[in-house]
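These notes open a run of structures that come right after.
Look for chain A in each of the two complexes below; its partner is chain B in the first and chain C in the second.
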Partner chain A sequence: MPAISQDPLLIRRLIFLLLAVIVVGTLLLPLGTPPMVVNQESQDFYDAVAALKPGDPILISFDFDPASKPELEPAARALLRQAFRRRLRVVTLGLWQTGIGLAAEAIEAEAEIARSRFPQEGENAYPQYGKDYVFLGWQPGQFALIVRLTEGIQGAFPREFRGAETERLPIWNGSNGEKVRTLGDFPLVVTISAGNPGIDEWIRYGRGKEDFPIATAVTAVTSPGRMPFYKSGQIIGLLAGMRGAAEYEYLLNRSEDPEKFGVTPPPLVAALQGMNALSASHFLIIGLVVVSNIMYFTSQRRGRR
Partner chain B sequence: MNFLRQQFPLLIALVTGLVMIAQYYIAGEYSRDLGGKAADAYIIIQGIVIYLGIFSLLHSHIGKVTRLEAGWGYSIFMFLGIVLMLVAGFWSGGRLDEGTPYKWLYDNTIVPLSATLFSILAFFIASAAFRAFRARSVDATLLLTAAVIIMFCRVPWGEYLAGLISEEGGPAATRAIARWILEVPNVAATRGIILGVALGIVATSMKIIFGIERGYLGED
Partner chain C sequence: MNDPALTIFGAWLSVGLMLAVYSFLYDDNPFFKIAEHFYIGVSVGYLIVLSFYEYLIKKFWEPLQGGHLWVLIPAVMGLLIFTRYFTKLRWLSRWTFAAVMGWTAGVAIPRTISQFLLAQVDATVKPIFTVQSTPTGTDVDFFINNLLILIGVVAVLVHFFFSVEHRGPIRVTARVGVLYLMVAFGAAFGSTTMARMSLLYGRAYALKEYSSAEYFYATPILLAGIIVGLVLWRQIERRILPTRRMS
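And now, the complex of A and B:
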């Protein structure tokens, strides 16, 4: 029977088992949330939304699918929560066809939470579909759709997700009579981006044509590649993976204020709860790298002898 | 006939390419309108291509099943999936509303299957890290060291433990190293790659527009 170190299949299975046990264990055990330190790019993301005034429009693009749900949905939910709590006019759409169901669900869930924050009836009720928020849905075209949005949002999406004529919705009219027509009319555009089409296309085809501030939440694996855009100021806020989402949740939970934002809902914890599993899996991989190198150098020494 | 097969597509590529480049640099309503129309055309073509893709997929799998090729059973599942989603989609009027069969299938098949497939990556990464991250050379050692620092410092418990290990500076000092790696060498290398890719795209586009690169016509 070969030694464990000489059986690659056995080693692989052991690694898989260890990872599964560690991730599931840390998710199931009531370890609480770890101490959080907020990175500057996450703080900037939060500040970008916080700087908007009630009634300002914000465009949120859900550019992810169920594969990235655990990593990006917490950021999407937290962003919607902050946008609704600031009583913004929230315009949403998606560039990924298979993510539309997730987007619709998240928008409705957060709109419902916002309604419980501001328990007013009739004209003053917030948020109302079509007036305070709208989901435009999905259209084919990917980057061409972004180009089309720079020419006119209502033309790119003649009907919204529920089937109403987009042009007729009151959400486009600001309280001062200003109209939202193109991407350039938004004081902030945010893309929750898992890949392509995503933040790269928004910068290349959107900001290449119109000038609008853009922030993004991306998967951890793609975040180092987006750092040059953040450092150059082309992206004004960046949430990097589940860690970024956890920092954002932490900032949002900490800043809840019943006097400013109405009845405080249950705190956001989806990403914060994942931090223990994330930390544990990183430590496991570091441990594996160390063990692997010890084995490598031992075998090298034996070979020399 | 030869003109339609060879010269005509090249002419379309030349005219379309030049017009689209020009409209980007010419200000004014007409130019803007042209850009919008071109985007519309692309969106319409992509809408049609989706159906072409479905047709191509069905055609390929029908062949597999009729020839009883290896793995033909998976093709049956593919057909079942398409039929099931189509029926559920029509039944729900194409709407993903709560309580519809379409939404139920979306929530209970697409969402968990996609998430599962993506999650499996974590296992492969762990296994690959064990096999590949070895200090075989100076370059490999640098890569390995940077990876370990980033992995350790970009998770909350890593930062916390770093604070316990080194009281002076604590997490701030450890984080500074991780941030430096992300903001200096990473940004420099990524910028280089982005610029290189952009120049490559410009060169390839020029070759296509001026008919030097004809691979899309089926030529070598």
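And now, the complex of A and C:
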């Protein structure tokens, strides 16, 4: 029987097993949510939405699919919760064909939670579809669609997800008579971005033509590449992967106020719960890197002898 | 899915496919093959149906029926791409490619230069010494940050500058550039690990959720089934493979 260090398949299986034990173990143990230190980019993301006044329009683009759901859906749900909590006019769409079902489900779930905050408002409770929020769905074109949005949202999406004529929806009319026509009319655009088309296209083809503030939630893999845009001010807030979503959830849960926002729903914990598993698996990976380096240098030394 | 039976069926299907895919960590096996083919078939089928409805019906057929004859122009141009399959007519496809390339270049190049090059250069070229501090940092913070950016940009550029032999101070600067690159790669690796672990956590969470009585213990039952199946498959393979080799 070969030694463990000489059988790569055995080592690989051992690493998989260790990871599975760590992740499942942290899931099963009642560890609770870990203490959070909020990064500046996550704080900026939260502040960007918090700075909007009730009735302001916000555009949220769901640019991800089920493959990135664990990382990005918590951020999307938290963003919708904050937007509805602030009573914004929420315009949503998606650039990824395969993520439309996810987006529709998340929007409806959070709209329902928002409606239950003020039961005394009855059937007319905020948010009403078409008036306070709308899901435009998906249109072909990818980056060409973003170019089209800079020329006119209603032209790019003649009908919304449920089939109504977009032009006739009251959501475009502000309380002071101002109309939302193009991307430039939004005080904030947010993309929940897993790749391309995503934040890069929104910056290049959207901000390349009209100057509007944009914030983003991205997968951890793509976050280092997006950091220069945050540092340059082209992105005003950035949530990086599940960690960013957990920080955002923490900020939202902490700022719940029944007097201001109505009945407090169950706290957002999807990403916060994952932090224990994420931290434990990171420690394991670091340990494995250290051990494999020791093994490498030991074998080098033996070879010299 | 509001129908409870459909929800439970969905949970069992989801768990079965997840475990079948994870069984590849042990070895390539029939469960993984089934899941792999299922995934490709469903993905392609879904995209074909969606594309047919969203492109052909919504963007071509419906406008055409509404009297918008101009949609025939992009439709014909799209069809011209298929002339690639005919040697004598192949040249016609160039018209479409030329139009697409021309439009894309015209839209992309100016915007890429303004947003990805000039804006980034503008953010990089900063004064090392700042006069005023802001709420997010002091003069010392800005000084250190901007100095590190300056050193990093120069050193990495020098590292990739091959017109001069890397000797003396150029070599030292290039080595500093390598250190910067290593830090960047380390950050990228760390972030990739975080992303992969998040996905693993997502699947583990789903498996835990579907292991409850509400879903008729989908996870433990299917896990046991797949383990038994793998053991049987290994036994059968051991008996059949030598026979195959002989024949």
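We take it that the second predicted complex is superposed on the first by the 300 of 305 C-alpha atoms of A that agree within 3 Å, B and C clash if a C-alpha of one lies under 4 Å from a C-alpha of the other, contacts with A are read in each partner's own complex, and residues count from 1 in each chain.
In the analysis below, a contact is a pair of C-beta atoms (placed from the backbone, for glycine too) under 8 Å apart; a residue touches a chain by one contact, two chains touch by 3 or more.
In this text, all values refer to a predicted model and were calculated from it rather than measured experimentally.
Asks: Where does A:Val269 make contact in the superposed view: on chain B (first), on chain C (second), on both, or on neither?
Replies: The answer is neither, since A:Val269 touches no partner chain.
Asks: Looking at the overlay, what does A:Ile113 touch: chain B (first), chain C (second), both, or neither?
Replies: neither
Asks: Of the two partners chain B and chain C, which one touches more residues belonging to chain A?
Replies: Comparing touch counts on chain A for chain B and chain C gives B.
Asks: Can A:Gln234 be said to touch chain B (first), chain C (second), both, or neither?
Replies: second
Asks: Examine A:Phe283 and indicate which partner it touches, taking first as chain B and second as chain C; both and neither are also allowed.
Replies: After superposing on A, A:Phe283 lies in contact with chain B but is clear of chain C.
Asks: Would you sort A:Leu169 into first (chain B), second (chain C), both or neither based on which partner it touches?
Replies: A:Leu169 sits against neither chain B nor chain C.
Asks: Which of the two partners, first being chain B and second being chain C, lies in contact with A:Pro140: first, second, both, or neither?
Replies: After superposition on chain A, A:Pro140 lies in contact with both partners, chain B and chain C.
Asks: Taking the superposition as given, does A:Pro224 touch the first partner, chain B, the second, chain C, both, or neither?
Replies: The answer is both, since A:Pro224 touches chain B and chain C.
Asks: Looking at A:Arg207 after the superposition, I want to know if it touches chain B, chain C, both of them or none. Which is it: first, second, both, neither?
Replies: second
Asks: Kindly classify A:Met36 by the partners it touches after superposition: chain B alone (first), chain C alone (second), both, or neither?
Replies: In the superposition, A:Met36 touches chain B alone.
Asks: Based on the A-chain superposition described above, do chain B and chain C contact any of the same residues on chain A, and if so which?
Replies: 16, 19-20, 23, 67-70, 98, 139-140, 144, 147, 209, 224-225, 228, 231, 243, 278, 281-282, 285
Asks: Report the residues of chain A in contact with chain B in the complex, numbered from low to high.
Replies: Going by the criterion above, the answer is residues 8, 11-12, 15-16, 18-20, 23, 34-37, 39, 65-70, 98, 100-102, 104-105, 139-142, 144-145, 147-148, 151-152, 155, 209, 224-225, 227-228, 231, 243, 246, 275-276, 278-286, 288-289, 291-293, 296-297.
Asks: Which positions of chain B touch chain A when the two form their complex?
Replies: Touching chain A from chain B are residues 32-33, 35-36, 38-40, 42-43, 46-47, 50, 96, 98, 103, 106-107, 110-115, 117-119, 122-123, 125-127, 129-131, 133-136, 144, 147-148, 151-152, 154-160, 171, 175, 179, 182-183, 186-187, 190-191, 194.
Asks: Okay, in this complex, where on chain A does chain C touch?
Replies: Where chain A meets chain C, its residues are 13, 16, 19-20, 23-24, 27-28, 40, 67-71, 97-98, 138-140, 143-144, 147, 203-205, 207-209, 219-221, 223-225, 228, 231-234, 240-243, 273-274, 277-278, 281-282, 285.
Asks: Mind pulling up the chain C residues that touch chain A in the complex?
Replies: 25-26, 46-47, 50-51, 54-55, 59, 107-108, 110-112, 114-116, 119-120, 122-123, 136, 184, 187-188, 191-195, 197-205, 208
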